[in-house]
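Sharing a structure below in structure tokens format, with a few things to ask.
By written order: A, B, C and D. Residues from 1 in each chain.
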Amino acid sequence: MTLEVVEKHLELLIGPQHPGSGHMRLVAKLDGDIIVGFDPDVGFVHRAVEKIAETKGYVQIIPLVERPPLVDCVNVNLGYVLALEKLLGVEPPPQASYLRVLAAELNRVASHLYGIAIHAIMIGSSTMFMWPLADREVLLELLQDLSGARVTYSYVIPGGVRRGLPEGFKEKALKAFRYLRRRLRDYDDLFLSNPVTVNRLRGVGVIEMRDAVNLGIVGPNLRASGVPYDVRRAEPYCVYSDLDFEVMTRREGDAYSRLLVRIGEIEQSMKIVEQCLDKNPSGPILHESFLRGLSPKARAYMEQTGRVRFPALFSALKPPQGEVSVRVEAGRGELFFYVVSDGSPTPYRLRMVTPSFRNLAAFRHVMVGNRLADIPAIYGSLDYFPPEADR
Amino acid sequence: MSSSGVAEDLKRGLEGLLVQVREDARGGITVEVLPDRLVEAAERLRNLGFDHVKSVTGIDLPSEKRVAVVYHLSSYTNPAYVKVIVALRTAVERSNPQLPSLSKVWLSSHYLERETFDLVGVVFQGHPDLGRILLPDDYEGPPPLRKDVVLKTEGIDA
Amino acid sequence: MMDSIEGFVNVILGLLFTPQIFVPLVYPGLLTAAVMAIVIIWLERKVAAKVQLRYGPLYVTKRMGGVTQLVADLIKFFFAEVIVPRDVDKLPFKLGPALLLTFSLLPVVALPVSGQFEAFRSDATLFLAVALLSVGPIYVIIVGWASNNKFALIGGLREGYLLVCYELPVFISALAMAVLYGSLDLVELVRMQGPGLWGALLNPFAAVSFLVATFMSTSRFPFEIAEAESEIVMGPYTEYSGICYGLCMAYSYIKLYVKSILFALVFLGGWLPTVWPFTLDPTLPGLIVAFKAAAVMLVGVFLRAVYPRYRIDQALQIGWRPLFALSTASLVWSLFMVGVKVGGWV
Amino acid sequence: MRLGLPDIKAHVRASETALKYLTAKPRITVPYPEALLELPQGYRGMVKLNVETCISCTQCARICPSNAIKMHKRERKRLPGINYQRCIFCGFCVDICPVIALEFTDVHDLAFHTLPEHLFEPEGFAKGPPPPHVARGTRKVRTEIDEVRGFKYE
């Protein structure tokens, strides 16, 4: 009798057309139910942002960089504009800085809610999929009031922001936060403390602190592993140094702690927005050097409506030669911009490293040794957003 | 710690490696190193406390016939360096862009180097898994972020 | 001529209302099962939608809240192309869904829903029903294997693992009730629950373990593991399309329906409390059973709005540890109760 | 697998929470064809051109990030036209116009029968977007944030 040698491992291709894969392919090698090898295959939604940026004017790039991390676009917008302002040597007036932080934090909440929803549906909770997405609408409503658009705000512009605080915004926002806080308690009862959730996520996909640092992962994923790194604290930009908030950190490093860090950050972000609304200084929302370039009619319009008119300069902004690197804390983690200018109206090189691309490193490391059913549980907990990673 | 203090640290830590430590007007610190000293410089930087790579950037410089490669480094754990980002910069021949991989020094550079290989065409020797990542596996043609790939642009007239 | 038509109709009606035909085809068989499944799926979607701040199916018969949405879906399923992939094992692949549905529905012949109107009388109907119910899942494994798809295979295997761990508590808790009432005959079982002594009150352990095992075997949340969408697409049914998929989907609901009737009979007093003279006609008792079964089903589908899903190993642990222990305890409890009765200690 | 008292309590609480919503009022969905959301003031909708004010400075076409706006030659001056296949509603064109010849409308219904209809030459651009088709019996609702229900539509 001869024995035939058969392959012991099952190679499973999850995606890109799989309900739990997102726009990527997950190649899992299984030994029974246990994952012995894992390789994320990305790039399905690559759209060459860095290359296209080399053909666009500096202000035109704002909507471009916003697109990849769509659900988190104020933060990306802000990161890019900070880099641009560093090149130009322009500081925005204080009110603009507060409004930037306000918009960024509202967007962070929306982004976290989105991530939590996706995480929940990946382990099968349809209610916790719908709830955060529904509550995200409330934040979109606020941001729409602020910027005039529902998803792609293009709110932050060099030297300031595009619109001032609309009337009645504060009351509206406070109302929304009371609603959200009430809902967060329901989230806790229905999902976070649900024994099934706890069983599915606790102790699953553990990233030890040392590994987290070595892998260079960012954002809530890093903080859930016990590294208290948050750009808003490490290198405060805008007005974060004046605001009181906690950097949510946990030690366990598992999927559950990543979820809890996100929930905690929602609370912190609301706290930040409340402070912004309280402190919000009056004054211009655009840097005076740009104001000078406006026609009298445009200036009168601005006075009247609180909406910024762009100076003609914006269509061909020429920063001086040089290079800058800027980091901001976006919803999913640290976002890094490196802009090289040769003095022409288009950047010579724009480098954009998004948090999801940095978190990609975690996949190979964290999946091995877990079970097949843990793939979506861990994938969701990393809040990985393929378009953001692929750019 | 002020950034100039960091620059002093770097100069001391990288002594003897023929590096240039520059500080520009905007506060950015750049360490320029020759490709054959790159690995050693990286190891020393890691030992100094720079524990992760934030970005690997390839910049095509056709006028100099070179491709510059910039590693942006910082630290999560060393409080002195959390606040700074150091650019470790080197350059390779444009026609033969070979560079030793730093993924053994910093695991975090793994995917970033792979992306740079994919889009700028810099070959990182010793990289455990150098292959296409963002582009399709059957992509042919020059690396898209090289300057000789020119995108068509439109004018403003209909 | 008229006479002959009338006579023909009478013969047909007469035939239809003979229990041997009425029970498997109309109630509690095929027709009722189909209507129940349609209503329950609609309710499931409506309930989940309400909890999730949505409306759910609405626009097919808007006045009735979209209750006929599922009829529309069914018609769509009928006319959708059934794709049989090239590399599947064709015979089991094609037969699988039909057999699945058949075996999930077959146990109704053993379920007396009114006390006197039944397909056949046996003194082991409880045993028969439980035994027939455990046949269906084998076809889940078979279609999973026949599909020649990794996800389907994994789904089939998961069902296989679960099968062993949920059938055992079902059998043991059913046995506990049989011991408690001293009979395997469902009619007898219901009659014994007469003075308000429903099975769920006398032996709650058995009721709980039977109910949980029921939800486990019918892929209700949190045990929707064999079809876990975000993990293995649609489990064993991944390769199915059109009405074949429709049958597979209906399988778990029909099974839920049958098990709910069984649960209503064994634990919820069946057609009780029906008083004379309503016991003479099978209509009211039948409706009562249907109502109780619907309530049990509703609990099952409501859980979708509450839970994520367990991992397979966790579900197996639940099946083998708490559930098995609970069902064993229920057996011990039954023996104790019988001892109390026989010893006349009370 | 533990199954202690706290777990049972948590199970009960989860079910209770879901039940609570089964009987409570909130619903976030707008029943769309029956109710139509009114766009708020300052919404960045489709754009309208005022031909009289336009001074043909081409700023709008220059800043348009997606090349949606192009300058068309007309008898007296060059006027902008817009291609809604490309427009991304950033509103940069409106904001940069030095004479405020462009303005947002409260229409955001980008449904056309043919591709060429997406292209608004200056004449069409000046007329503004066509009013959207609204089903009979549709009521317009305003969104209001509510503390208990999230949204109220009235």
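Note that a contact is a pair of C-beta atoms (placed from the backbone, for glycine too) under 8 Å apart; a residue touches a chain by one contact, two chains touch by 3 or more.
Just so you know, these numbers come straight off a predicted model, no measurement behind them.
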item: Shared chain contacts [chain A and chain D, defined touch]; value: B, C
item: Neighbouring chains common to chain B and chain D, by label; value: A
item: Remotest chain, chain A as reference, centres from CA atoms; value: C
item: Busiest interface, counted in C-beta pairs; value: A-D
item: CA centroid of chain C to CA centroid of chain D, Å; value: 48
item: Centre-of-Cα separation between chain B and chain A, whole angstrom; value: 24
item: Centroid distance [mean C-alpha coordinates] between chain C and chain B, Å; value: 63
item: Inter-chain centre distance, chain A versus chain C - centres from mean C-alpha coordinates, in Å; value: 46
item: Residues of chain D touching at least two other chains; value: 1, 14, 18, 21, 28, 62, 150
item: Per-residue overlap in chain C, given as positions that touch at least 2 other chains; value: 51-54, 305-307, 314
item: Contact graph of the chains (line, ring, star, complete, other); value: other
item: Every chain pair in contact, whichever chains are involved; value: A-B, A-C, A-D, B-D, C-D
item: Residues of chain D touching chain A in the complex; value: 1, 7, 10-11, 13-14, 16-18, 20-21, 28, 40, 42-44, 57, 59, 62-66, 88-92, 95-100, 104, 143, 145-151
item: Interface residues, chain A side, partner chain B - complex; value: 42-43, 46, 48, 50-52, 54-55, 86-87, 213-216, 222, 227, 229, 234-235, 322-325, 327, 334, 336, 338, 340, 348-349, 351, 353, 357-358, 360-361, 390-391
item: Residues of chain D that touch chain C when the two form their complex; value: 1, 3, 14-15, 18, 21-22, 26-29, 31, 150
item: Residues of chain D that touch chain B when the two form their complex; value: 58, 61-62, 67, 69-73, 78, 81, 121
item: Residues of chain C defined as touching chain D within the complex; value: 47, 50-55, 58, 302-303, 305-307, 314, 317-318, 321-322
